[in-house]
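Shared between the two complexes below is subunit A, which pairs with subunit B and subunit C, respectively.
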Partner chain A sequence: MNIMLELVYKRKRSIFHDASPFLKITWLVSILLISMIFEHPVILSVLFISSLFAALSSNVFKDWLSVMRLVLFFVPFVILFNMIVNANGETVLWQLPFMIPIFGILNITLEELLFSLTMCIRLAAILGAFALMNLTTDPDELLIAVTKLKLPYRSVVVSSLSTKFVPVLFSDLNNIRDAQRSRGVDFSKGGLRKRIKKYGAVFFPLLSKSLDRSVQIAEAMETRGFGRYEKRSFYKDAKLSASDILLIAVAVAPFLIALYMAFSGIGSFRFYQRIDPLIKSSSEAFFIIVMLASEIFLLPLLKLKGVMAYD
Partner chain B sequence: MFDESRTIVKLWPYEIIGIFLLVIAAFVYQFERKEFSTKQLTLIAMLSGISAVLRIPFSNFQGIQPCTTLIICSGLVFGPIAGFFVGALTPFVSNFFLGHGPWTPLQMIGWGLPGLTAGYLGRKEINFKLIIVFAVAWGFLYGWIMNIWHFAFFVKPHTFETFVRTYVLSIGWDVSHAIGNALFMGIMGERTIRILTRYKKRFTIERI
Partner chain C sequence: MIPNFYGGRISGTVLVNGKNASETPTNEMSETVGMVFQDPENQLISNEVEREIAFGMENLCFSKELMRKRIEEALDAVNITRLRNRTTSELSGGQKQKVAIASALATHPDILLLDEPTSELDPRSAESVLNVIEKINDELGLTILLVEHRLERVIHHVDRMLMIDHGRLIYDGSPRKIKSAHFEDWKVGLPPVTRLSLHFQNRLSNGLPLTVKEARTALSDVLINPKNKISWERVKSSGKVCLSMDKVYFSYDHEKDVLKNISFDVYEGDMIALMGKNASGKTTLVKLMNGLVKPRKGKVLLFGKKIGDYELSDLIKKVGIVFQDPNLHLFNDTVEEEVAFVLRNLEMKDELIDKKVEKILKQFKIHQYRKSYPHDLSGGERQRVALASVLVSEPEMLILDEPTRGMDYFLKKELISYLKEKAKTVIMVTHDIETAAEFAERVVLVSEGNIISDGNKRDVLSKALLFSPQINRLVQPYAKYGIPDDTLTVGELLKVIG
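Entry: the complex of A and B
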């Protein structure tokens, strides 16, 4: 339970921690969009590799890996699921020796296997980019950046408040649980019904306590003039420097390449009835290498910016 | 076997996610337009925070989760828009700890809609048994909404056959979610509604 709370932002120094939040948002969105456009296993692996390199260079690799373990947990499920749902593909690898009433003959084919694995790579690429963003970005900075992007202000405030409450509520939850335990409530005994009833002994005090707290926070916000003026002021400011704009342009580049590929029909991939060859043409190979290069090119630039800023 | 002509709909994952994001954007627009006091804003934030915290220790038990109960209760007491936001923020916030991904918008809708519909339900005097039935129904509906994502993302030929198979396979999860909802709502629902109603009476002003 506490492991979950370990996987949040911690103040550290690395090229990704020091990068502008605008840049990180651009990078994340670019990876998300590319991974949504293509189903090509090699392109998706390229995306995963680029977020892997970014994680390697940003001092949070261990935490990042523990998030990635989640994907490994997904893999057998996805393969099993595809085996039951699909009956496609030519190359049968293995077949269940008996029939199942509704589903018929179950078999696993090379095509299904590759499709499942590709979808898991896609998931890993998306999750990896998100995890890196979570681990290296201060929620406050992200809030300021998001507000500056002219996103709806009140919704942003509510969601960031809510995110900030979570660790506080967690320690409250643990305190109340300890208090109830010292009064003789044993949370590890009983069936499901009884356990839920005991769970109420933690839930109701937490609820009433937090409702009172929410009033206090609202009053604190009102005394500081929340909602008084149309335009808010900032305690810390997030400014875009010229070098940041250059870096954002570099982060957008892979997405532009991807758009060009999609419109000229390069990078499509068919799984059924028979899988396409992984690399179909030399132009496809060329564009994939360019995409990988432009993703990884961002990292030395970030490093360079760090060196120039602090020396 | 696979036949191109039998593909019922060409569902690409990013189209699905785009549609769900648009729905969320429409609700955000509604939320921004409506006048909320600071107390109501912090209340929504706090309720979704509690709901997210309740979700985290239960993330290992597929489906048996107390947060749907809290979302429905807040919808019943504080109205549709507040209910939707408590529900939608629950996965959004807890996924910072459990892992964000392309499923987040679908979860936001899947938990936001119970809050929204409960808000409309709460405008009339209703029997508590009906609320339990409502919670059970949303146990299934949440699973069906999440199946759309699974179908678009992990299943390749989108035929009617694979669609039915996907939904048949999810029955186990849906039933366990529905049972969990019924138990949590039956045991803790009434008292939660009482606490929230008392809070509402304390801090809302009625002009006569």
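Entry: the complex of A and C
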């Protein structure tokens, strides 16, 4: 429950907090795209490591870490899922002692296991980048940036509002739980069916309360002219400075490297039937190192920009 | 303002500055009409105060220079310039409401509508928000329309009062010209001094007084000649302790104590009003009393037994708590089910449940709604359902967290008489000084996590600057003529002056 609270933006100062929202969007999109192009465990690890370093240097590490704990929670599910739907791989580690109808005999193979773990690293890389973005970017600034990018502003307002109301939702939840406990709903007792019913006593009031809230917010926005014109003006603008453009170029670099690699067939990775070696060629190693270096290189540049506050 | 939002049928026309309000989209009306809503939580959209104020102007495509100028103006008009760079979620309720007003002002509407803008605020913040509204009206000449049922807070600020009852306009005029005959039917609370003055209408020359000061002049010849000599009896607490707290500390985050060194006993039969500003620790204090939160240090004993040692089912037979927002309680399909819910949790027999539910529904006058969906009822009815759904288990001790918020004068009166009749031991958390004076025998004041005053209501509420009821402030200068200086309510004062 606290995880959600920690995912909310808090005003602080750090190299990532101070960075232009355009830069952060570029950085995020570049990590997302690379993680979709490759299944290579080392490349995915590189992506994860770069958001780890970014989080370390951005004064939000503790919050970021508690979000990343979610990934650990997913690991067994990913493995289980792969075990059921996937029957590839030749190095059998363990075999289920009985047959399951439809699925047949279930094997856990080394290849399956490594594939599952790689998918978890992918998940961690994506989630880590999103978490860092969320933790360090003011939703209002994001709104401005997205509008400037000619994306529809209404949808951004909705998503930025939803992050803003997460803490309110949780305080509602706590109040409702207290109220129902005072009416004798003991959440710590009873079997699964009973407990589900008990949580209904929390869920339905929460739902109706949130619906009330959303209608009221919609009213408030409407009465303040939201959606009056196709365009909006902006009180605080997101302007791109020359240094921002340079930084954006640095943030795009890993993606360009990835594209080059993909087109020249470097960095593909096969798990089945027999798993590839981690590093197949020296050119692969070279490109991966360059990718990591350019991701990490962004951080001192951001720091430098912070030091030279004028530009 | 929002005919297009909810549907429904309208006949007749609503013209606002010549625009037909029912045919104009709401977001277009926003150029003429600004609006501030009841709940400060649900109307702030941005994270930062300046941006919040800019939001409406951005929608209307104002230029940046104009926005900068208007933000300056709006911050200044509402007197919150020092909050300009703050994050909105950190602000107090009163501050949020002022930001909402500033945001509405910034687009320069001709009319400002306010829907119970102070109902979520404590008296101090409410007063300062209302002063801001009056100043705007005064200095900017803006037309202001304020919806409110707690007249005592606003009546002295207004020039014209419109009263609506059952969908009909029943009064339109200066609040000073109310005739007593109507007012009983209005179901709104006039300020106590005004209610008092209605009994002496033949002696008033300048219309009804609306403030304590006006009442002192208007009624001075009545007040210097009290007919009866009365001294008010002070009801003592019984000797039987229900709940005792010994040197209790509490903190939510293990850093800052919300409650500090609280030692406090509740005796059987006590009628306690627990008062204090918003965020003073009142609600936390009552949560300790039914074990919802546990103290960091110190002991809480309930009928001689540690509160942590109770089974939940035993605990709720001892302490019932009704929270301020009835929506937090209600989730069943019918009122009947809602009220029976706690009894089912106690695993009572069905026949017994039916009997008890039947009885309490009649007592609370909600029997006719027993098959209705709770959320379809009005606010006051819902509040009664919530109350009934706790009281039905007949707890030894009843805790009410601001039960009178959103209740009109008559519902309050009903609630108080019900509590005096039926409940054994009651602790009521409230901002409402007049309700406290009517209801309680003992008043406890909490400030910043400490109990700063605890005693008979006549000692605590008399001559206290912030927490005195109007009548008490009215009679102070007349104590030398024989009116007891611990008189608190209209009823009491009428007994003295005849």
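Criterion: the second predicted complex is superposed on the first by the 226 of 311 C-alpha atoms of A that agree within 3 Å, B and C clash if a C-alpha of one lies under 4 Å from a C-alpha of the other, contacts with A are read in each partner's own complex, and residues count from 1 in each chain.
One rule holds for everything that comes next: a contact is a pair of C-beta atoms (placed from the backbone, for glycine too) under 8 Å apart; a residue touches a chain by one contact, two chains touch by 3 or more.
Computed from a predicted structure; not experimentally measured.
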{"item": "First, second, both or neither for A:F204, with subunit B first and subunit C second", "value": "both"}
{"item": "Partner chain(s) touched by A:R181 [first = subunit B, second = subunit C, both, neither]", "value": "second"}
{"item": "Partner chain(s) touched by A:A55 [first = subunit B, second = subunit C, both, neither]", "value": "neither"}
{"item": "Which of subunit B and subunit C A:D138 touches, first, second, both or neither", "value": "second"}
{"item": "First (subunit B), second (subunit C), both or neither touched by A:V158", "value": "first"}
{"item": "Touching partner for A:I288 - first (subunit B), second (subunit C), both, neither", "value": "neither"}
{"item": "Partner, of subunit C and subunit B, that touches more residues belonging to subunit A", "value": "B"}
{"item": "Subunit B versus subunit C as contact partner of A:G227, first or second or both or neither", "value": "both"}
{"item": "Contacts of A:R213 with subunit B and subunit C, given as first, second, both or neither", "value": "both"}
{"item": "Subunit C-contacting residues of subunit A that also contact subunit B", "value": "157, 161, 200, 204, 208, 213, 217-218, 221-222, 226-227"}
{"item": "Subunit B residues within the subunit A interface of the complex", "value": "1-2, 12-14, 17, 28-29, 31-32, 36-39, 41-46, 48-50, 52-54, 56-57, 64, 66, 85, 89, 92-94, 96-102, 150, 153-157, 162, 165-166, 168-169, 183-184, 187-188, 191-192, 195-196, 199, 203"}
{"item": "List of subunit C residues in touch with subunit A within their complex", "value": "1-2, 5, 25-31, 33-35, 37, 39, 41-43, 45-48, 50-51, 54-64, 67-68, 71, 87, 89, 103-104, 107, 287, 290, 292, 312-313, 316, 319-321, 323, 325, 327-331, 341-342, 345-346, 375, 389-390, 393"}
{"item": "Complex interface listing, subunit A residues touching subunit C", "value": "9, 11, 138-140, 157, 161, 164, 167-168, 172, 175-176, 178-186, 200-201, 204-205, 208-209, 212-213, 216-229, 231-237"}
{"item": "Subunit B-facing residues of subunit A, complex", "value": "1, 4-5, 7-8, 32-33, 36-37, 67, 70, 78, 81-82, 84-89, 102-103, 115-116, 119, 123, 126-127, 130-131, 134, 152-155, 157-159, 161-163, 165-166, 169-170, 173, 192-193, 196-197, 199-200, 203-204, 206-208, 210-211, 213-215, 217-218, 221-222, 226-227, 271-273"}
